[in-house]
Every structure is written in C-alpha cells, then in structure tokens.
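When the chains are written out, they are named A, B, C, D and E in that same order, and each has its own residue count from 1.
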Amino acid sequence: MSDTHAQTVAYVRDTMLDQQDPPLNQTGAVKWIRENLFSGWLNILLTLLSLWVIYAALSHLLPWALRGIWDASNLSQCREIIAELYGPDKPAACWAVLAERWPQLIFGFYPKELYWRPILAFLIFLAAVAPVLFSSVPRKMLWVSALAPFVLFWLIWGGSLWGPIAAILGFVIGWAILTFAAPKIGNLISVILAIVVPVIYWLTLCGPLAGALASVVPLSLQTVPTQNMGGFMLATIIGVSGIVLSLPLGILLALGRQSDMFIINKFSVAFIEIIRGVPLIVWLFTASLLLNYFLPPGTNFDLMLRVIIMVTLFSAAYIAEVVRGGLAALPKGQYEAADALGLDYWKSMRLIILPQALKISIPGIVNTFIGLFKDTTLVVFIGLLDPIGLSNSIRATTDWNGVYWELFVFIGLCFFIFCFSMGRYSLFLEKKLRREHR
Amino acid sequence: MATISDPPERGFRLSQLIFDTRYRSMTIQVVAMILIGLLLSWLISNTIHNLEALGKDFDFGFLSQPAGYDINQQLIDYNNQMTHGRAALVGILNTLLVAVLGCALATVLGVVAGVLRLSNNWIVSRLTAVYVEGFRNVPLLLWIVLIFALMTESMPTPRDFRGEDGSSMILGESVAITNRGVYIPNVVFSRSLGGNEVAAPEPEAPAAAAATTNMAGTYGASRIATGGAGVQTGQTDSAATTGAAEGSGAEGGEVIPTSSGWDWLLILAVLIAGSIGAKVLGKRATRIQEATGKRPTTLPLQIASVLVPLIVVLVLLGASLDKPELGGFNFDGGVHLRNSLIALWLALSLYTGAFIAEIVRGGILAISKGQTEAAYALGLRPGTTMNLVILPQALRVIIPPLISQFLNLTKNSSLAIAVGYMDVRSTLGGITINQTGRELEGMLLLGLFYLVLSLLISGVMNVYNSSVKLKER
Amino acid sequence: MSELATREVDRSQMKVSDEVAIQISKMNKWYGTFHVLRDIDLTVYRGERIVIAGPSGSGKSTMIRCINRLEEHQAGSIMVDGIELSSDLKNIDKIRSEVGMCFQHFNLFPHLTILENCTLAPIWVRKIPKKQAEETAMHFLEKVKIPEQANKYPGQLSGGQQQRVAIARSLCMKPRIMLFDEPTSALDPEMIKEVLDTMVELAEEGMTMLCVTHEMGFARQVANRVIFMDAGQIVEQNEPEEFFNNPQHERTKLFLSQILGH
Amino acid sequence: ATLDDVKARGELKCGVSTGLAGFSAPDANNVWQGFDVAYCRALAAAVLGDPMKVAFTQTTGQTRFTALASGEIDVLARNTTWTFSRDVDLKFEFVGVNYYDGQGFIAPKSLGVASAKELDGATVCIQTGTTTELNLADFFRANNISYEPVPIETNAEAQQQYLAGACDVYTTDASGLAATRATFETPADHVILPEIISKEPLGPLVRHGDNEWGDIARWTLNALIAAEEYGVTSANIAELSSAPTNNPEINRLLGTEGELGAMLGLDAEWAKRAIMAGGNYGEIFEKNIGEATPIGLSRGLNAQWTEGGLLYSPPFR
Amino acid sequence: MSELATREVDRSQMKVSDEVAIQISKMNKWYGTFHVLRDIDLTVYRGERIVIAGPSGSGKSTMIRCINRLEEHQAGSIMVDGIELSSDLKNIDKIRSEVGMCFQHFNLFPHLTILENCTLAPIWVRKIPKKQAEETAMHFLEKVKIPEQANKYPGQLSGGQQQRVAIARSLCMKPRIMLFDEPTSALDPEMIKEVLDTMVELAEEGMTMLCVTHEMGFARQVANRVIFMDAGQIVEQNEPEEFFNNPQHERTKLFLSQILGH
C-alpha cells in the first residue's frame, strides 16, 4: 500500500460524538412549508391553485351555513326571517327544516312514543359488534353478539318474545346434532342433519311452539309494521342485516368457486357473475315487482324482507370475489401443512385457511360493506322511505317545498360519518395486521 | 421381514360413495345438481302458474308495437310512432354513451387525483384526500341528485340570455350554459358526404345564411371548438375561413351545411390512419435507437402525422361550426348536452374517479421504492424511470380493478332514473314496461343486456390479465 | 459438524424391528409429462433412520411428499403402516395422523401462536384435552430450546427458531413415522447442532425417520441407511460407513467429492 | 282472495302517489292526508272497521302498476286515468271514477304564452309512465309542432324543475296542476293554459280477476258518492243509522235494512263506517281539495249529477 | 473462506492512485430528528477497495446511499469525481451514471428479462446500440456464471442467481466507482466464493469499490482499508492487517471478538 494516505489510514475515534439537533432548516415550520408547499414552480402553482379552490368553496359555503336559521315553521317564514336579519339576496340556510323533521329523517314513521326501542336496539348493536371488531374487548361478549340479532329483531318489530326464542332453539338443535351426533354417525351426515333438522323445525314446529308459549306467558311489545320504518333507521336495518347475512354466504360462494368439483364450481361462478353483472337497482325492481311471480301463488312477504334478501345476495357475490382473492393469496404450504397434520377439509378451512384468508380480505370486505350501506339509498326507487325518499316527501309538503341543500347536506353528512368511520376502521385493521405478521 | 400383503381388492362398496375421494365429489355434485335442478324447476313452475292466474303470457311481441312516447336524447332516428324495440335501442345507446363518457372522464380525474394525492405538496394532497373521501363515503344517488339540483337551481335559464343585462354565452358566444343543459357548437360540412340540401330561394334566406357563416368565420379564429370530433383550434380557424369563403362565394341557392354519419366515419378513419402512422414513426425511432443508440426526436412528426391529414379532410369537407342561437323558447342549433346527461356524467365520473384515484395511488405505491432507487442508481432520468420501470409494473396492479370500476360505472348509470336521463332502464325497463305491462319480459331483457355487457368487459379484463401474467412467469 | 462428531451415539441402542413401516414398490410419478420419480422401490422398517441425499431437483422432496399423499403417485403402490395409499379418504386421514411431516419451508400458521400451532392438531385430530396437549407441546418446545417463545407468533421469530417450531409441531402429534425435509436449511451452524441433537434423541427413542438432508455429519452419526437419489431414481443405498467410504456408483462418487470438498 | 288476505293481515295496503298536495302526502305527525288517501281510509274502515289500518306505499307513475300487479298493494288510489289498455291489456279493474279530470299545462305568466298551440320548441316537463306522456306526444304531433320532453319521476321533482326554469311548461292532470300550483310561493305568477288536451277520468283500481274484492272497492266508492247524494254526512250519520229512516235507499246503504253488506262478504255497517271515516264524497272533496283549501278546486264536473256534474252512483238495491 | 485463503491475491498489483474519487467531509444526516450519520469524514482514492463493517443499524447502508444521493445529506459535503452533490439535477445524473450500486435486496425489475434488466440502463443512459449492450451484458453474466438464464425473468431464478444478476446489472454500466451493499447475503458458501472471485477480478482491474460486508475473508484478501462504523460514526479505519490483528477502539475489539468467534 502506498503511504500517500497515511493520514486517512489508522483513523481511530477517541471520543464518541453526541447526538445533535438537526439544523433549523431541517425541522420546524420553515422547513415544512418550504418542502411541502413551495419546492419548485409546479408545487407553488399547485399550492396557490389549491388555496384558491379552498377559498372559493369556503367563502360560498361558510356564510350560508353559519347564517342558517334554526327556528321557523315553514320555508317562507324562514326566508322572511333571513331577509329581515341579513337583508335580501344574502344566502343563508334554513336549518329549521331539520329542526322540525329530523326525527322523521332518522326514524321514518316509527311511532314517536316508541323511539326508545330503536335507540336501545342501536346501543345493543354497538355492544354486540364491539367484540367482533376489537380484539381487546373480552371474548365472553361474543355471546352478546350471538344473541343480539334476535333481541334486536324483537325490539324493532315488537311482537311476542317467544318468536325469537323459538327461532334460537333451531340453532341449538343444529349445534347439538353437530357436537353429540357427529362422532357416532360421521361428519358429512351430521352436517347434513344439522342443516336439515333445524330447517324442518323452523318450517313446522317453530311457529306453533312460539304461539303456544305466548298464550301461556305473553311477553310482547307493541308491533310496529315495516311500512313505518324509514330514514336512517331503514338504511341501517337493511345495511346491517345485509352485511351480517352476506358474509357467510359470500364465504361459501368463494369456497365453491375455489372448489375442483365441476358443478359446484360452475354454479358458484354463474351465480356470482349473474348477480354482479346486473345493477342492484334492476335486482331491487325484480325483488319488488317480479319476486311474486317466482313464488307459489298466494305467498306474499314483506317488501323490506325481499329487499334484504336481494341486497344480501348482491353483496354476497361481491364478498365472494374479495374472499377468493384472500384464499388465492395464501401460500400453498398452508394447505399442505394442514393436510399433513391430518385435519379434514372443513376443519382445515375453519382453523387454518379461513382465519387467514379473511384477515387478508378484511379491507375488501369492509369496502363492500360501505358500498352496501350506500346502496341502501336505492330502495327509494321501489317505494321504501329511505332518507332520500323522505327528503322528497318532506319537499312535497306545502311548508317545505323548495328546500334542497339543507336536507342533502344533512343526509350526506350522516352517510359520510357512517362510511368514513367504517373506512377508518378498515385502515386500522390493515395497520394492525401489518404489525402482527411483519 | 414381514411378508408384503397384497394390494386390497378394488371392489366397489357403497361407502366409497362418501369416503372415496374419487366418488365423494361425484356424490356431492350429483346431489347439488339435483337440488339446483329442483330449485329452478320450482321457480319456473311457480312463474308459469302465476302467469296463468293473472291471465298473462310470455311474449316478446310488444317489442314491435308502436311505443307512443317521445325520447328527448336520441343518437339514432326515433319518433313516437316507432316501436318499443327501437325505443329500447335508443335507450341502450344512451346508456353506452354515458358509460363511455363517464369512463373516460373518471379515468382522467382518477389518475390526476391519484397522482396528486401522492404529491409531497401538503395542501394538494389534503385537498385530493378530501375529494376522494368525500365522494367515496356519500351515496352516488345523493351526488347525482345534488349535482342535478345544483345545475337546475344555479344556472341561468335560456330566457335570461335575452336582453342586455342577462347572462351571456361564453367562449365567443358559442357555448351557452343554461339550467337546461349546455349548448355547444356542432361541426357541420358544406360538402357533406351525405349530400347537402340547398336552401329554398327565399329572398332573405341566402343573406341570413351568409351572415351566419360569416360570423362563424369571424369568431372561428379565437375559439376552441368542443364539438363531437374534438377538433382543435388550428383547424377550426381554417375550416371556418373556408366556410366563410363558401358563404360569400355562393350565389343564389345557398348550400345548407349538414353533417352525416359518413363524414364522421371518414374523419375517424383518417384519425386512425394518422395514429397508425405515428406508431410506425415510433417503431422506426426504436429501430434507429437499437442500431445507433441515439433515439431521433419524433414527437413533432408524430403529432403532425395525426393532424395534417385531419386538417386536409376537414378543409375538403368544408367544415364549419353550427353555433347555438337563442330561438323561441330554447337555443337552436349546435349540440344540446342535456342537464340529465351532464349531471349523470359528472356524478358518475367524480364518484368513480375517487375510487380510481385510490387504485392508482395503491398501484404506484405497490411498486416498491426499491425499483425507483434501482433505476436512479443506474442513472435513468425520472421520466424514463416512469416509462420503462414504474408504469409497466404499476399498470398490472391498476388495470384489473380499474376495469371493474368501469363495470361499476356502467351499472351505476342505471341510476339515470333519478334525473330522468333516458337510458335503457328508463325506456325498456321503465316506460315500455309501464305502458305494456310486460314486466317479466322487460326485466329479463334488461338484465340480459347488462349481463352481456359486463361479461364482455370482464372477458376483456381476463384476456388482459392472462396476457400480462404470461410475461411475468 | 465437529460438535456432532465428538458425541458418541450408541447406534446399537436404537431399535430396528422387522416390522415394515413403509413399503414403496415400483412407484412412478409424473408432473405433466415430466417424469419426476421412476420405479422407486423402498422398504423402511419400523425404527429405521434413513437419510436421503442427492442433488437439487432429483426428486427427494417429491418422494417424501408422496408418502404423505401431499402428491398423488400415478403408478406402483405405497403402503404405510400396512395401509395402502389410495383415494380412500378414511385411509388418507388415518395415515396422515400417523405420519408427521416437517416442511422445507416450515409452513407455520402465522395467525396462531407457537403454542397454538403445536396444540392445534392434537386437539382437533387426536381429540386430546387442551391442557394435556399444551403440556406435550411445552415438552417438545423445551426439547428444541424455545419454551420461552411459546406465546409469540411465528412472524416474531427468527428463521432458525421457526424451523425448530416446525419440528416441534410435527412431533406433538406423536407420530410413529417422521418425514423431515431439509430440517436445517435455514439454520446457522450453531443452530444446526442443536436441532440435530434433538433428532438424535428422537432416534434413540425408536421413531422411524426419513430425513432429506445434506448434513453428512448427521448421516454418519445417526442413520442406519443412506439413500442417494438422482434424476428421480434411487441410485444407491447403503449403510453410512459403506456409503461414505466406499461408494459404488459413479454418480455417488462425484456427488460425495463435491460435498466433502465443500 | 284479496279480501281474506286483507282480513288476515289486519291491514289494507294502499298505493298512493309520492306526494301530491291535497291528494296524498304525509303530515308532520306521519299521518297520510289527502283526497286519494281518504278513499283508502274509507275502504279500510269498511273492510277492517278501522280507517287507520292502512299501510300506504308510495308509487311513482312507473312503479304503480307493477306494484299492484305483483300484489304488493291491494288497491291503487293514485290519480290514475282509466284507459282502455290499462283496463284490458294490463289486466286491471277500475272501480269507478273519483275525479273527472283532463290534462292541462301550467306556464309562468312571464313567458307570455296564452295557448298551448304557441308552445312550438318549448321544453315540457312530464311525469314518466303516465298517460300524460302519450297525450302530449299525440297533441304535438296533431298540431305539427315540436317540443322537448323532460321526463321526471315524481311530482315534487317536476315542480322543482319547473320552478327553476328547467322547463318552460309543466303538464299533467289539471287537478295535479292546481295542487302543485297551490304549493308555490307565488301561485299568481303562473297560469294554467286554457287547453285541456285529454279526458282523464281518475279512479281507484284493483287487479283483474278478483271480482269480490273489486266489488267491495267499487261499492265503497259508490257509497261515498251516494251518501252525498242522499245527504248522509259524518255529522248526521250516527243519527241516521241508529234507526231505519223513511228513505229506504239510506237504510240499505247504512245497513239498517237489507242484506247488502252480507252480499259483499262484509257486515251490515260497512258503508256506515266507510262514510264515518272521512265523511261523504263532498266532505272529502271540500276538506282536501275544495275551494276552501289552498288548492281551491271547484266541483265542476265532479258535482253530483243532480247539480249538473257527472257524479252518479248506481243505486244501492 | 478456505478457498479464498488459498488464493494469493497480489495486492501490490492493484493500482491506487493519488486522485481523490470520493471526498466526504463533516457529513451529517438526520431521519426526522434521528441522527443517523454524524460528522462523517472520508477520503477515497481512485482504485481503492474499501470494506465497511459494523453492527446492524449502524448506518452503513445509509452512508453508501448518500454517495449515490439516494438519500440527501443535511450538513457537510460529498464530492464524487470532483463534483459536489447538491440538488442540481444535472450533477446527480452525471454522478449516478458513474457510480454503480448493487442493492442489499437486489431490486431487479420483475417485468424485464435478465438480459433486459442488464441492457436497460446502457441503452437509455449510455445510448449504446442494443446489440453492443447485449454483448456487454452477456459478458458480465458469464462472469457471474449465469449466461444460460439470460432470457428468464427474475421471478424464475433462485435467490443466489438473483443476487448475481444484480451484480452483473450494476457492472454493465461500466461505472468507475462501485458500491456493494452486502453482496453475498443470499448466497450459499459455494456461490459466495464465486462472487468474491468476480469482485477480486474487478479490483484487479482498478475499479474503486466500497463494499459493505461481513465476510471478513474478503476484507483480509482484497481491501486496502477496513472502515468500522457504529451508531452513525466511523469509529476506526485501518489497513486490514492492522484492523484485524490490532484493533484500537474498544467497540472494534468487541465486534471482532464476535465475528471471529462465529
């Protein structure tokens, strides 16, 4: 080695340096503004443009919203008040329509004195989803979640408590068959039995049993017919039932689509493609107009129920595709390891494959649910009174003829809050998953 | 050493139906088949019974009966004496129109917003986040209704354009934005391939026509035409001048400029030929680069190869602009983009654009930072890196969900019902069903139309998917 | 290997019975038209420890996986514990619960803790009470020296630790036959030693073992028999002593010269 | 049979419009009010004994017939025009006429049109799925003038479009025009053009084939009309029905004489309850759309035949 | 390592000139408020081979990346080939085309074949005709012993092959300075030998090289200088001989004791 570099060779540090603060232009507001807003002419241009957009939007919206009138009994009165307060031609909102009609927008035509029931139901619902959504909530709460659907049904529709109880009994029967009979008669048969027996029970015994019990101990709430439900309550009921019901169906369809069995596979593919290929609104029209053609003469069931079924099928097809993506993302080794341990198909699905595939698919599933919730507005076209439908009928009255923005803003905000928080939840999950398996 | 036992008998036992992997799946499938068959036949027999009970039959004859209703926006010839089938066709075309327009605008919006959302400019990325979250989290129906209301409530009526102090048209008096829609100039040809009518020799007519054409010439230079052909300023200039020359040169019977399908076909063909030419130029550049290492500049040539033939054809056809003018109740002439179309189009594009923005953002983020760094470390410029390294990879991630967004947009266009846009659901699935009472047949046809459309689109997607997959492994 | 070499394994202690554990005869397998396994004939007696060696791509993994029916063979027959492998689901389930497998790529279940990974199959297949399953699991985790990781998730472990979990998991089913596919590939030399020690212990307890590995130290110390495969065929099989010192086949000689020279 | 279904359900399902002032609209207390609604209430009172046992379904011009055909509603009372094809081809049964109407146009005064014939080139708002649509097409074709239709789903939207100037004129049944205009801020700024371009007999309808149910619906309507003719009002009905009067027609109507109720499959007091639900036809008219209301329709053609109108109930015998 | 040790590298053959290739002075870098690099002073002469060692997280990769301006430094200066690294885009482009980099995680372009990966930059940056670029690429692929893989995609190669492609790709630009970030992390011992051989060859041709590695054999045989980093600082630098036999700093001693004991 040449000795030209003697000064750089044999360098030994004697004291360790302390950590210094970064230079000022590397932190603080100055750096931030320079880097984030004014680096380069394109950026400056974009910044100025954005500032202008923000100014334009706010300068129109804010005065209108803040000047708003909260206290008036009809639109012309409201306009008079505005003219009096701010002079003519000054834009101002008439929030009074919300002050007067908000119960209608939220509960539809649900009897006023029974508002406590949907509110209580909503609280129970929140308690029931908590353990499903957040793993920090005690696992025991899952029992609440399992029972909640029945309680919620009873609270919202009223009627005898025995109906839901008799229905629960069906599930108990199925569970009993699975746990007690399976070792004796084999898995496949017991699964079939566990499905068939409860269905027979629901179709035949369930009703009379509930009736008999009710005649002994009548435990019942005032019945509220479906037509009286509307507004966000309706959207929530349809959305939540659709979500809860479509998930298992979607998973089954996804498994079917992954299956090697020709007929099962093709059936699942056809089902998924047909459902997804046609707009929801056409399906809703089918539910409201054509379903009666397909059912035995004389059957006639609730429009809301039909809508829920359609919405469930529709989102199940979407969920199936999302879950299929999750299944495909799992490495083949996971299937093999489960096989090598001696787990059978359903056990390996339940214990190994689905828990992982579902975790991967959660963001997609949540997005499907957001979509489903937003799509509940389409029921307005088949005569159910969702928030948009109600806004139309509020506008149809003499008092509030001509009110648009206030209602739209309110409805939009409510949906935004719902959907945005669902979206945030899915982000939260995504981050949590990333932390768990690096 | 134990003796080896013979392989067990290969006889067939009943239990094999359940426990043997080969037969088990057969058993399950046969059972499934039977169940599905039973379900279908049950549904069909119910339908037959119900139809009988109602005294209805299953018959598509209604498609050939006269419709009796008018449709405001027709891409093909239609009047209320034509059949329901024709009306359905008009609806189908309207659906396709708004779907194509929507997909185009949504892609532009989505790509721009997706890229801006990744911008390191804080305000810009926040603002696009507000756009994306705002549109994603509020029902589309609400946006459609809202935009529709915004347009009808806050734009001036055609009446307001009358008088001195009223609203005025923009872009050199050629575009009128009213609460009934937007009126834009139309491109017409004085030597149309479909043949031109000659104005009746009324005394004032030639003068008026000449005046109109002259005006086109005067304003043509300073105007950007937004007509169907997407013509640009340069040609408008020359075309309009030609029109003016035509106008003043003609004596007696004035030729009325019109446009026919043939003209547009010719223009389309020229455009396609031009872009093929541009592609050939690009290929040649690549060949030169491969041979010498230097890539010749081709962009101006490529642009010219598209534009020059187009200008020539427009001049030959004698293109001019037919501007909207305030008539009795409405504007006459030009192209009328109705409110319903605009509201639906904007709402669909803005809404879908928000989803596309997320897809684009995700696609770009999915290409790991390492790829950019590797390209930079090799000395590639950012532009080249984008073209050769990032985009080819990001597109694979982006295109499949992008296409399913297109599918969603197409299906969502059925919300046209909210603004009275006459799409296929409103004609075939709405008025026709209502007037004829053929809901079963009508809904079936409607569902089939959407199904075929979406199968076509997803077929295209599958072809794309498998073509890029092949390249990778 | 130096460590292993110093340890004296009393090979006579390990029991080899006359009972046949695995009987493969004239087994052939194709991937599409690619003939991976050709006319494999192999008899494994209960308690034998067999090492399978061979160049990459020679079909070692494929053969092991056929014994578990993770791959289907197309000709010939495989009998495990006297049961023929066919499409019969009941037989497959029975065999799989008797044959443990430790994968080249571990295939741990990332959504379960280490302990849950180990107890899952005993609880659901063997129907063992949870408490007892956990005790067994802890026993084996201690054997591979990672009891303190029991409540972590696989993602939180280093590669070597993961591989040891995979070994422990397959042992928790207390299988009579164990298949190891390169069980030391992800380990650094120090770790390799630990894992091989565990396997030696198992061997001493009389478990039937098939082990694909290139750690010839292990073969020398523990195996009854070394099988050398190439291009889908068993080229040579012999006792370790003979195999290493006096290879018969040209291909074997070439391979050994590379491995030993490394 | 529909009657049994309704009785079993304990509720009458009635299709109304999506909100047309005076004809059907829910008030702030969630109670439906209006002229069409009153008929449904009367029918519910006749069949079920309680005028409040009605479930109202909002239908648009497009959805109403399919809703009725599919059995989603039992009766449609939604200012629907009785036409040949609806009766025969769509397989419905109109049970009578509760309002004789015709199609008209409304235009802003400032537009300066005096006649519908001056509307060449105008933009016209129409509700889709209505006879209006077809009449309009015929009218403009017959007069050889052109127009631009703006199809709209509900009356409320049409009103919005019209007021915002998105269409020059709005056309629908004259009664609907009056009802709509009544809700305007300044009704006086709008004129209803003199032309009535069609006949629009509006009435309730039921499905074809179930004649018993059709009879009940028909005779409930007739009972309301007859009650006005005979001077039976909600004020005096209690008195008139307590004992047979000397007018046998009234007696038969109110069930104090004869078996008319039983013939319908109802009890004897069915008509009495129907009339008590909202009064006789005249009372319903005056209360919901009459001259004292903001809608301010005069009886006109809808007066009793005895007063020069067209209302004529067949005899209760 | 034994192979390398047997090979006699004639260190005096490798040219080290007086010309300065890289001059780093008082360079500091922060990630947010985290001070990653502190007062780095380093002069590299043309033709030098420098090995950078240090515990994980000490900032080795970060320093290397600063030289390429894949990371921006916030204080002090870096001069490469006499050009100061600043925000000037033209300078950056110039420097990047002179400085090759081989990443720890390869960062191959998965949508291009091996050959295309190697020819992309020569064609688009150096403007070399395609044919000629391909010849160069094949030359380097042969050097790393994978010419037969030229038309495969990265996804079809094993980790070791990928790493060799990464090395070949960076060499195809014929840079004057090469930065290697742990170029042997994914290789098995046999392959490690091959790769190190290639690097020795390059060194003999006089390329300036900075190499982050823990293969102390390489350091001993090839490097002029070993730099030891800890906590963002250069703690010690010396000739290999001195560095290994007679470390000065406590931290160095500790580190060497671990590495050598392994």
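Assume a contact is a pair of C-beta atoms (placed from the backbone, for glycine too) under 8 Å apart; a residue touches a chain by one contact, two chains touch by 3 or more.
A quick note: this is a predicted structure, and the numbers were derived from the prediction, not measured.
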item: Chain separated most widely from chain E, comparing mean CA positions; value: D
item: Of B-E and A-B, whichever chain pair has more C-beta contact pairs; value: A-B
item: Centroid comparison with chain C (C-alpha atoms), farthest chain; value: D
item: Rigid-body rotation angle, chain E and chain C, from Cα fit (steps of 5°); value: 165
item: Chain A and chain B, separation of their C-alpha mean positions in angstrom; value: 31
item: Where chain C and chain D are represented by their mean Cα positions, the distance between them in whole Å; value: 85
item: Centre distance in Å when chain A and chain C are each reduced to the mean of their C-alpha atoms; value: 48
item: Between chain E and chain A, distance of the C-alpha-averaged centres to the nearest whole Å; value: 52
item: Multi-chain contact sites of chain B, meaning residues that touch two or more partners; value: 53, 149, 153, 417, 439
item: Where chain A touches two or more other chains at once, by residue number; value: 285, 289-290, 292-293, 381, 404
item: Junction residues of chain E - those touching two or more other chains; value: none
item: Chain A to chain D touching residues, read off their complex; value: 75-76, 100-101, 104, 109, 225, 227-228, 285, 288-293, 300, 303, 381-383, 385, 389, 392-393, 395-399, 401-402, 404
item: Chain B-touching residues of chain E, taken from the complex the two chains share; value: 68, 70, 93, 96-97, 99-101, 103, 105, 107-111, 120-121, 123-132, 153, 155-156, 169-170, 173
item: Residues on chain D engaged by chain A in the complex (per definition of touch); value: 5, 11, 18-21, 25-28, 30, 55-60, 63, 66-67, 69-72, 154-157, 159-160, 163, 182-185, 294
item: Contact footprint of chain D on chain B as seen in their complex; value: 53-56, 68-72, 80, 149, 152-153, 157, 159, 179-180, 327-330, 332, 339-340, 417-418, 420, 422, 426, 430-431, 433-437, 439
item: Complex interface listing, chain A residues touching chain E; value: 1-2, 4-5, 8-13, 16-17, 19-23, 26-27
